Structure formats: C-alpha cells, structure tokens
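One chain, chain A, appears in both complexes that follow, with chain B as partner in the first and chain C in the second.
Right after this comes the complex of A and B.
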C-alpha cells in the first residue's frame, strides 16, 4: 500500500491537491466544519516550519521535520484490534482512517452516551462537536501541525458522556496506519458532562513494516465539566520511521479530575505537547507520560499547566527511559494566573539513563502571578551503571530482560496511578514487547 | 561428575591487558567439594571470581575456564550464570526500583524454557521458605535489591539468590566480610544446607573464621595472582597462626 499519487509541492509534500481531494470527500459535512478546514489549511500553508530561533523548539531536531513526500493513505484492510483484550464499554478501530465500530451498549446509549467516529458525530451531533472542537487549543509550538490536523482530519473518536453518567469500563480506540509515506490526522474529542465519569484508552500503531515512513499529526481535546472524572490513556507505538506530533489539550472545570497518561514507544521523532487548564476551583489535572527512547529516536515533550481558578491542583510526572543514542527533551511550564490563589502545582521530569550516549534535556519553568501558592518543579536523571547491569546478568538475566526489568520498575510509579488493572496490564505488556531480544 | 576447571589462567584489566593480575592460576573444583582460597588483600581473588563470571572490566589473556568439559570464555555473563555458575559478590550492587521478588522472578524465569511460564504460587512458596531459612523478613521481597541494606543484609540476600537459583558452582567472594558472628552463622548455615553432591563451592576469604563454620575440603593460598600452596583445612589454621608473611618468606626462599 502506498500514498495516493497526487502531485506534491517540494516544500510541503502535502499539497493543495491533497486538500482539495480531502475536502470533496468531506462535502456532506456541516458548512462550519468545511470553513474551519479551509481556514486551517490556509494557516498551515502560511505558517513557517519551526526555526532555530523558536524557543518552543529548543534542542529539537528541526531537520527531522521534513514533510516532503507524504500523501493521504488509501483505505486499508480492516485492522484487528490487538492491544485491548480486556473488558470494555465499546471499541472503535480505524485502519488508515476506515472506521470499524463495535456497538455502544444499549444502556449507555439510552442514557445519552455517544461514542462514534468523528465524521459521524459531525453529521449527527454537529452542534455538540462544534461547541467543543478546539475550544481551548494548546499553543506550545505545534500550531502549524495542529492546523494541518484540522485541515485534513477525517478520523478519530468523539466521546460524549452526559451529566451524572458514570461508565465503569473503558472506551477503546485503535488507530492503525499502514503504508509507505502515508499520513494520518486523528482527532479525539472527549466531553464529560457534570459529574460524569469515563475512561478512554487509545492505541496508535503502525500496521506494516517497522521501516515504513509515516507522518502523524494527532490532536485531542479533553473536556471535563464540573465534578467530572476523566481518565485518558494514549499509547503510541508507531513505526521506527514515523514523524509524529501529538497535541493534547485538557480543560478541567470546578472539582473535575482529569488523569492523562501518554505512553510513547515508537516513532523516529515524536513530539508531544500537553496543555492543562484548571478552570474552576477544585479542579485537578494529573499529567503523566512514559517514554521508552531507544535507537537514535527523539522524543520531544512540551507541557503547560495553567492555573486559572483558585484552589486548583496539578501534578505532572514525565518519565523517560533512555537507551542507545536516543534523545529526550522535556520542557514544562507552570503558569499560575493572578486569581489562582491556593494553587498546588507540581512538575517532575525523571530520566533513567541506560546508556552513556543517550541525551536527556530538561527545561522546567514556573511563572507565578499569585502570592499564595505551592509550586515545585524539578528533574532528575538516574544512571544504570555497568556494575548494576553486570549484577543482573550474573544472575542469568539476559540484557534485554534486564533492561525491561529496570524500565518496568521505573515506570511502575506512574502505571500504579491507573485505577483500571486491565489497562495497567495492557500497557505493561506493550512496554515489555519493546524489549523482546 | 561436573567440574569447573581453571587452567593456567591469566587475567588483566581490560584497560591494561599487558599487566596481569591473575598470573597462571590452576584449580579444579568438582561438585560435592568446598574449596577455600585465602590470600591477602590485593592478590587478585575478586579479579579471579569476576573474570570467571564474565565481568566486562577484565580480560582473560590466556588460559581457559572449563565448565563440564566446555570452555565458557566465549559465553556472555548471563549465559554462564544459566549454565550453572553463581557469583556471590563481595560488593553487591544496589538496584533501585527493582524489588527482590521481581528480580529473583526474572532470574528464575530466565532459566525456564522458551515460552514456559513461571508458576507464581510455587515460586513464592519456595522464596518464603528460603527466606525463613536465612532469617530474612518476608517484607524484604518488596524492597529494592540491596538498596539501603546493611552489610549483613546484602550478604544474606546473596545467599538467598544462590538458594533460589541452585547453581552447580558457586564462587563466594568474601561472603563473611562485614558480618557479625550471628549473621556469619546464619550465612554459614545457609551454605551448609545447600552443600551436597550437586554443588561445588569456591569460598574466597582472607579470614579463617568462616572456615570454622563451613569446613572446606581443600584450602589454597593465593599470593600475587597464583596459588602458592594447597592443603586441607589444617592449612587454614596454620595460616591463621603464622600469618601471610610466612607464605611470603617461604616463597622468597624458594625463588632465591
């Protein structure tokens, strides 16, 4: 399978011809949506690629941001979900954008729960989608790629859980991308009404050879209204040659609790941005990320915790395991706005160095405009030395298993924050699969 | 009967391969036997045990180590361990974050056939019984390997690992150092309990004290990278009485 053979401009790869084709396929969708897409396409073409002088791209490999040659994928054969063999509420599988969906149980549907492919939601619940789509964009440097997502997105899930509905079992989405030089633009939109509770787990995987070159620009908007409890898990295991952007935005209302965990295993260069806004008193955002950086991959993570309302809390813990000559960048900022008294905000980046040649950059930051707050940030790097490795080997544990043991132990603190044991186990298994000798 | 043969072994630091530390050492250990190597500090005892285990800091510049008739020099450290070698470290490493239970589980799992799953219930039962024998609190299973352990706890943890992994040959490097008399007794009892015709032991020590509790079949004196004297357990007592200077003088007289 390969990219559709449309002409490409040398600078961008994805051309206005691609966009025109995409737009004609979307013709049946609401006019506001098509207008938003046109505006986004214009923004994408107008915005320059990140440059050396962009503070938000400090330490990133800018040469790696090469968009040439990519095209939209042709439909792929149905993908079989392979990572979510656990009890779930409902499942959506996208294979090169082609959706296959399991039914939403009648009792949930009866209470107003919507779990549908984005395009279906646009047709059937257009106004609902419109009032939340990119309502609180994260602006942490990837505006160009977010615009590209809006312009070309046709896939992704819309999850809506109305007020007072608590859903115990997770909703599951799997995106599979197959083909050389193909691009995908998944967009996830989650809206939890007041006091609603739900978990969404997304798996992003490449379906073909590990060497397939792919481009992904994904966005998700997570909205938790007053007293809502949202758990979002995004696990990516893209091919070794994928250039991936993932931009999360989290909006937490009064007394809402949002836990987001992003697991990064794949990609050649993977950029992840996450912005939490604590909008109502008592709101809490738990921002978690786990990364296995091996080979010569680059994982580039930028975060922002914005405390808008008083008595809000946020807790960020990003853990990177670095091997070989991999590179990670963590740049995090906490902003406490003038009204946000009694804020508790924490930010920690912890790196486990399993190689002397790996590189971990950490750029923590604080910007406090209120006077009665508790904030802390920090980064640590722990090194596994040759003696420790020899000790494990001397007990008969092979090098790959030893690394898996060390990395799993390091990640456990984060995985333990997941309430759902099945999801915890699925992520552990996915991580372990990265260490097969 | 399985044997571990050390043949005319020369070992140097990988960084300085032309400066041997172990200089032509010969020793054969059979299962069922306990050999003690005694020698002053700096004579190459730890170097010998680490080189046999495959530590990357050391190179074997000549000679051979034969386990059950096969050279192990081309094997990786983990392969050597799975082939039946065990090194009880003089200075065990701390592995933060990895619990003893998970660590030992990975080590036991590594010895199973491809695809074979560990029986977790049986594993814990065995683990707890060995811990009881060594008077190690069961709470230790969830503690990180050696992290914050006292000297005595580290050494007992080494013996626990040995008990769980059931090696054919154990190289025990100064397992007695840093132990008070009670801890020494517990460790010695643990080793004695494993003693039998399925296990060969090389006890490295520079005190005779341990040998009161684990009585060796053979005693070797190591000096300047080689074995200069061998005998039975009485040699250890003689050495204790006369000191290492006695060996040095004998050696000087012999080479004069």
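Right after this comes the complex of A and C.
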C-alpha cells in the first residue's frame, strides 16, 4: 500500500501528532473513553522501555523492542480470510482497522447477544464496555504497550452473551495488517453473563509481503461470570518482521470455566502475556499455547495464574517446537493467595528441540501462601524420542515424515482439548501449512 | 572499642577512624530474638563499625598480608561500592542491612572470655536436646575460643598431613602457600560476581584453604572443627578447596546447634576446584540466629570426569540467600546439589542451586526440599544453563515444598536455558502439606499430633538426610523435632 500521510520517517516513532489525529477520528465516542485514551497516552510516553534489570523481561531481546518508524495504517483493501472456513455464528473482519461485519443471526440478537466492532459497541453499549474494559489489567511487564493499545485502539471485537444464553457455533474475528512500518492495536473484550456459553476464535495475520515491518500491540479482556463457559482461541501468523505484543487477561467467577488457546506462528519477536484470575470458588482456567518457532524468531511467553478464591483450579500447558536458531522464553507463575485454600494448580512447559541451534528458556515459578493446596509444575526440554522415531521408520515411514508425525503428535495433546472439531481442524491446517513452507 | 595499637606489630599502624560511635551489640534495626545470644567482649583486634579503606588496610595489616592481597581487597571494596543491591529480583529485606553498623573484623585471641554459667538456659537446653557433645557445646556457645576436643581430631590431622594435604586458614594459606592457592583464589567466584562476594573479597578472614595432592583420597571428612579459632565461624570467611587430579575429599562445616553470633551479617565465599577426575563433597549444616542475614556465594568448578556434590542444609537466620553452583567445565563432569531448607516464623530461606554446563556429556542433579513452618517462607531459586554447541548434557531438577501451617509460604523460581537438540532437561516441583490421613493414622497409634507431624516432616526429608554423615543426620532429625514443636494445634 502507498505511504499514508501519517507514516513517519524512520527516525521517529508514534508521536503525539499521531495520537492527536487518532483522537480527532474518535471524537464521536464517549468522553470517558477519550479521557482514558489521553491518560493512557501520557502513561505510554512516561513509562520507560523495559531494561536489563527488569525481571519480567529476563532473557528477552530488549534491542528488538524498537518502536521507531511506525505509523498508523490507512484502510487496506478487503482482506480474504487465510484460515479454512468453518461453520460460525458470525464473523468480524478488520483490514488495517477497517471493519467489515457479517450479521449476527436474528435468534442470537433477539436473546441479547452483542457481537460488534469495539467502536460501535462504545457508541451503542458504552456503559457495558466501560464496566469491563481493562477491569483486570494483566500487569506482567508490558504495561507500556498496553497503554499504547488503549491510547490508539480503534479495532477489535466486543462480544457480550447474556445470562443463560448458550451459543454453539464460534464467533470469528479476523485481523489483517498490510503495509510497511504500520502498526495495529486490536482490543478484544468478551463478557459472558452467568451460565452463558460461547467460543471466540481470533486470527491475526499480515496481509502483505513477509518482509513488511509491522508493530502490533493487542489486548484481550475475557470475563466469565458465575457458571459461564468461555473458549477463546487466538492464532497469530504475523509477518517475519513483525514486533508483536499480545496481552491477555482472564477473569473467572464462581464455577466459571475458561479455556484459552494461543497459537503462535509468526512475527520476528512476539511476546504473549496471559494472566488468569480465579475469583470465585469452583472457577477453572485452562491455559494452552502452541508455538512453532523457526528461523531466528523469538517467542516470549509470560503467564500468571492467580488463585484468589478457595477451591479453584487451573491448568497450564505451553508447548514449543523449536527449529533453526529460534528462541523461546516461557516464564510462568502460579500465585496462591492466603485465602485460596484447596487450590489445585498445574503448570507445564514442554520444549521440543528440533535443531542444535535453537534455544529454550524456561522459568516455571510458584508463590504459595496457603498450605492446603496441590500445586506443581514441570518443565522439560528434549529432542524427539529416538525410540519413537525408530518405531515409525521401522514401519517404512521416511525420516522426515516420521519427524513431522511426531511433532504433530506433540501438538495434538493441546489441540485435543478443543471441543469444536472445526476449530481444531483449522488450527491443525495452519500448523501443517507452516511445516510445508 | 578502639584496638590497642601497641599490640600491632607494624609501627605507625593505627586503627581505622570511624564517624559513627561503636555499637555494643550491632543489629540491623530489628529485635534480637531468642535464638540469638551475644556477650559483651573485649576483642584483641577490632576493626570497629562501618567500612572504609582504612578498615581494609587495618585487617590486612593485622594479618600481615602480602601487597597483592591488600590490592585485591581494595579493588573488591570499590566493586562492592559500585554494585547495586540485587533487589530487582531478591527480597527488599536486603535494604534493611545497614553496612555502617556492621563490624567487619573481630579477633579475640585465644583466652576463654566467659563462663558456661553465662550461657542462657534455653541455649543450654537446646544443646542438651540436640545431643551436642559436652566439649562442643562450650565452643558453640562461644565460651571457649579453642575447641577442647581438638586433641580427639589431631590424629586425623596428622594422617592427612602425611598424605600431603594442606589444611589451614585463609591468612596462613595465602602467606605460606601462594604458589598453590593464588592460581584459583577468586577465580571460581570473581570479586564482581555479586555485591556480597565483593564485600567478602574486601574484608574476608578465616575459613579453610585445603589442597589435596594428585591421587590422594582423604578417607575421613575434614571438618571446620579442626583448627577452630575465633575467626572460624566469622562473618566473612573465605574457603578454597583444591582437589588435584584424581583426589577425593569431603569437607563439613557448621553444625545444627544455634550458633553464637557476633554479627547480623554473614557473607562467606566458598570456592571449590575439582581437577581432572577429582571428587569433592561439601557438606553444610547451618542454623543461624533469627536476626542474621546469611548471604553466601558458593561455587565449584569441575574439570574432566570430576564430581562435585554440595549438601546444603539451612535452618534459622532471618534471610538466607545461597545458591551453591557447579561450573561443569570438563567432559563428563558431574555436579549435584542436595538442599534442605527449613523456614520458621520470621525467616526466609532463599536457597537453590546453579548448574552451568560448559562441556559435552556433563550431567547435573538438583534435589531441593523445603519446609515452611508458621509464617516462615522458603524459596527455591535455581539456574540450569546449557549453552550452544554442547552435546549430550543432562539435568534433572526436583523441588518439593512442604507447608505446615495455613500462613506458611513457599516460592519456586527456576530458570532453565537449553540450546540444541541433544540434551535432556527435566524440572519438576511440587507443593504439598502433610496429609491429614497420615497424621490421623499416627495419632491412632498413640502419637501426639506434634510427634506425628515431626515424624511426617522427617519422612519428607528422609531420603536426603540419609546422604548426610551419620552424626549430622541424627542431629538434623532432632532439630526438626525441635522446630516442629508448637507448630501444630
């Protein structure tokens, strides 16, 4: 795409001029929203970039956090979804911020389901958005980039499912970013009322050439009220030169069950933060992630499972396959607060080393302040099991195919936790396309 | 407490000057707890409170050190000043250390300074219950500067001397055997490793320097008890053990009894060098008083086919930060850390291990068990590092934490770095409490709840305690019994 009038020279970054233009475009939105944006912009400019002594950035490539030269994109041509199509409730597509929406089926709309671009939701359901927007910040180190998201976000989906409404088919959101030196700030807000049930699947892709340098700072706020069941899937396949931040916050109320699965395939340096808060007895959070790290990419994943209420459970499984000279960082923490007796929390990071040059960092942590708990974590880093490889080869499967099978099997443990077979198949296809390329 | 200058050998030497007045009983701004006991003593050499270059020159001149050691100390002091507190990852409690209130050198000579009657009753009772031998009690209580039972050990000392083993304190070693020790002194743990290793390098005194010649296998464990003097349990001891090719040695330090302490800051540096095919086992059992900051740097280097094993048991202290490490420098080198920590009310045991793989086919094992009682907090912090271009490295790490009371706390912070596809690295950690079924079962059979709890806790650490020398494991069991008292009900 042609250079936007807002694109900056490489020496500059996102400036207050960008912010002023962005604000003027948002003028029709509620005053509280604009105030929040101004405060966030000030916070973004005031906060320093992460430094070497910053524990939440331990092992990260800080030199890669280069924000200079990025500007806001102009609208791009309509994007065509890159994932396999599957039955869905409704779809929202953002191409460089321009929203295209499919209709929400009348029966869902009639029962009060809202699925709309964030800005539309701000205009029409401002109070609802306001009471949940950034209610539980993740606070895992990317505060500066979250502030940037709040200041500049104009895209993203708002999904609201009222009490007792169960939606079987997934809602789908597609974000496409096209252009050199452009930045995107998607913000997704999901609110499930008591006993509601829904699935949201988000795809994040770069639309242009793999060499396009892009910046993404995305945020998700996921809220599941008592007894609600939420499945969230985020799959990113950014360009090879993208610097991406994605910050996830999950709040699970009494007896709520939240499953989040993040698939990381792209970017030059991609950081993902995810914080689950178990706020009511019986709450459960299943935190899953799959990463295919190849080339010289860096995937940096930071997680926190905070058990606030007693009788809560959480289970984290993050699997990384490492090829070439790629680098992954997993830093996870389970916090059991003093009142959260009878907590059952688990955390596991498994790194499959497929190259002699790949580098896996694992920091699985625990902070336990209650004694009647079951908490454990595990971390392994190893190559493909030689016996399994031999077994397959002995049955006539070529070495490369055998390896591919075993890598697929490695990921299958995570994908199997998805109830929806179509979503499962779409993710499998995305991963497979990656290994063919 | 200005030292009498006429006692000093070198003319013109004067005690360092200080802006602050001497504090009789230095603390770091907290109450002296029951476990701690000190006496008002007149020391023969006293560097006073606070730290500056004059203090370092004073220590060096009292020890009649060579110029290179003084230079080493002075450089280390500058490094100490330049280094920030590691509070970006460690507890903020470190900020409560007031370096100006600490005494950096005390030496009381050889005469007993007080009588057994002056020792507080509860301490005597503790010794009694731990079954500490009569003679050792007096030493441990600080009643005697010389450990009377040295005679009992002198045979051992003679035997090892006949084998060519050199075993002396840091001052003597650097003066008498610089050709042996200078090569490795400060090499495994460089001065600038951390703020506290720099502090130790500036003001160290006491500790053990050991050299075991090629092929010599020292049959019995060497103990710090051997040549005990007032400095031995000093605050800034410096230990360097070199096991030459094929040599084997076991070293033990500390004891399970609450330790007489003159200071609230203890910061030791321990360096082990295991040359080709050598084996070193280093056993520590420490039970510091409740007001002590115990900030210790311990690291070993293991050459080809060498083995280093740290057995580390930490009980007591206000804050212990100690992560024994092994740099696996030669092929097939092996490192092991066995760690037990018990944190009671007001205590924070921040312990763990570091395994730095630097050669092919190296293996390392870490087993850490911690027990948190009352409001105690135990933390496991570890590093396993397998860098690029290595083949066939293995690490296995297990951390288990036991929480006794509802307000007990435990943390686990491992960091694992693996590069390449020929290694196998596993880390597992679990947190649990003593099972109610188990307690119920034992109470059914007539044990009190406290006895049952003690038994369960002893069972939790039993497989590690069995690796300790027998007398230590017996004392450790009794100590756990003592610590568990009052933790239930």
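We adopt the following convention: the second predicted complex is superposed on the first by the 404 of 437 C-alpha atoms of A that agree within 3 Å, B and C clash if a C-alpha of one lies under 4 Å from a C-alpha of the other, contacts with A are read in each partner's own complex, and residues count from 1 in each chain.
To be clear about the criterion, a contact is a pair of C-beta atoms (placed from the backbone, for glycine too) under 8 Å apart; a residue touches a chain by one contact, two chains touch by 3 or more.
This is a predicted model, so every value here is computed, not measured.
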Exercise for review: Figure out whether A:386 sits in contact with chain B (first) or chain C (second), or with both, or with neither.
Suggested key: first
Exercise for review: Quick one: classify A:134 as touching chain B (first), chain C (second), both or neither.
Suggested key: neither
| message | Touch test for A:396: chain B only (first), chain C only (second), both, or neither? | response | first
Of chain B and chain C, the partner touching more residues of chain A is C
Problem set entry | chain B versus chain C as contact partner of A:375, first or second or both or neither | second
| First (chain B), second (chain C), both or neither: which does A:428 touch? | neither
Inquiry  = According to the stated criteria, A:315 is in contact with first (chain B), second (chain C), both, or neither; which is it?
reply    = neither
In the overlaid three-chain picture, which partner chain does A:26 touch, first (chain B) or second (chain C), both, or neither? neither
Chain A residues where the chain B and chain C footprints coincide 382
Chain B contacts chain A in the complex at 53-57, 76-78, 81-82, 86-87, 89, 92-99, 102-104, 106-107, 109-111, 161, 165
In their shared complex, chain C is touched by residues of chain A numbered 53-55, 58-59, 338, 341, 351, 353-383
Per the touch rule, the chain A residues reaching chain B in their complex are 382, 386-388, 390-399, 401-402, 405-406, 408-410, 412
The chain C residues in contact with chain A across the complex are 88-89, 388-389, 401, 403-433
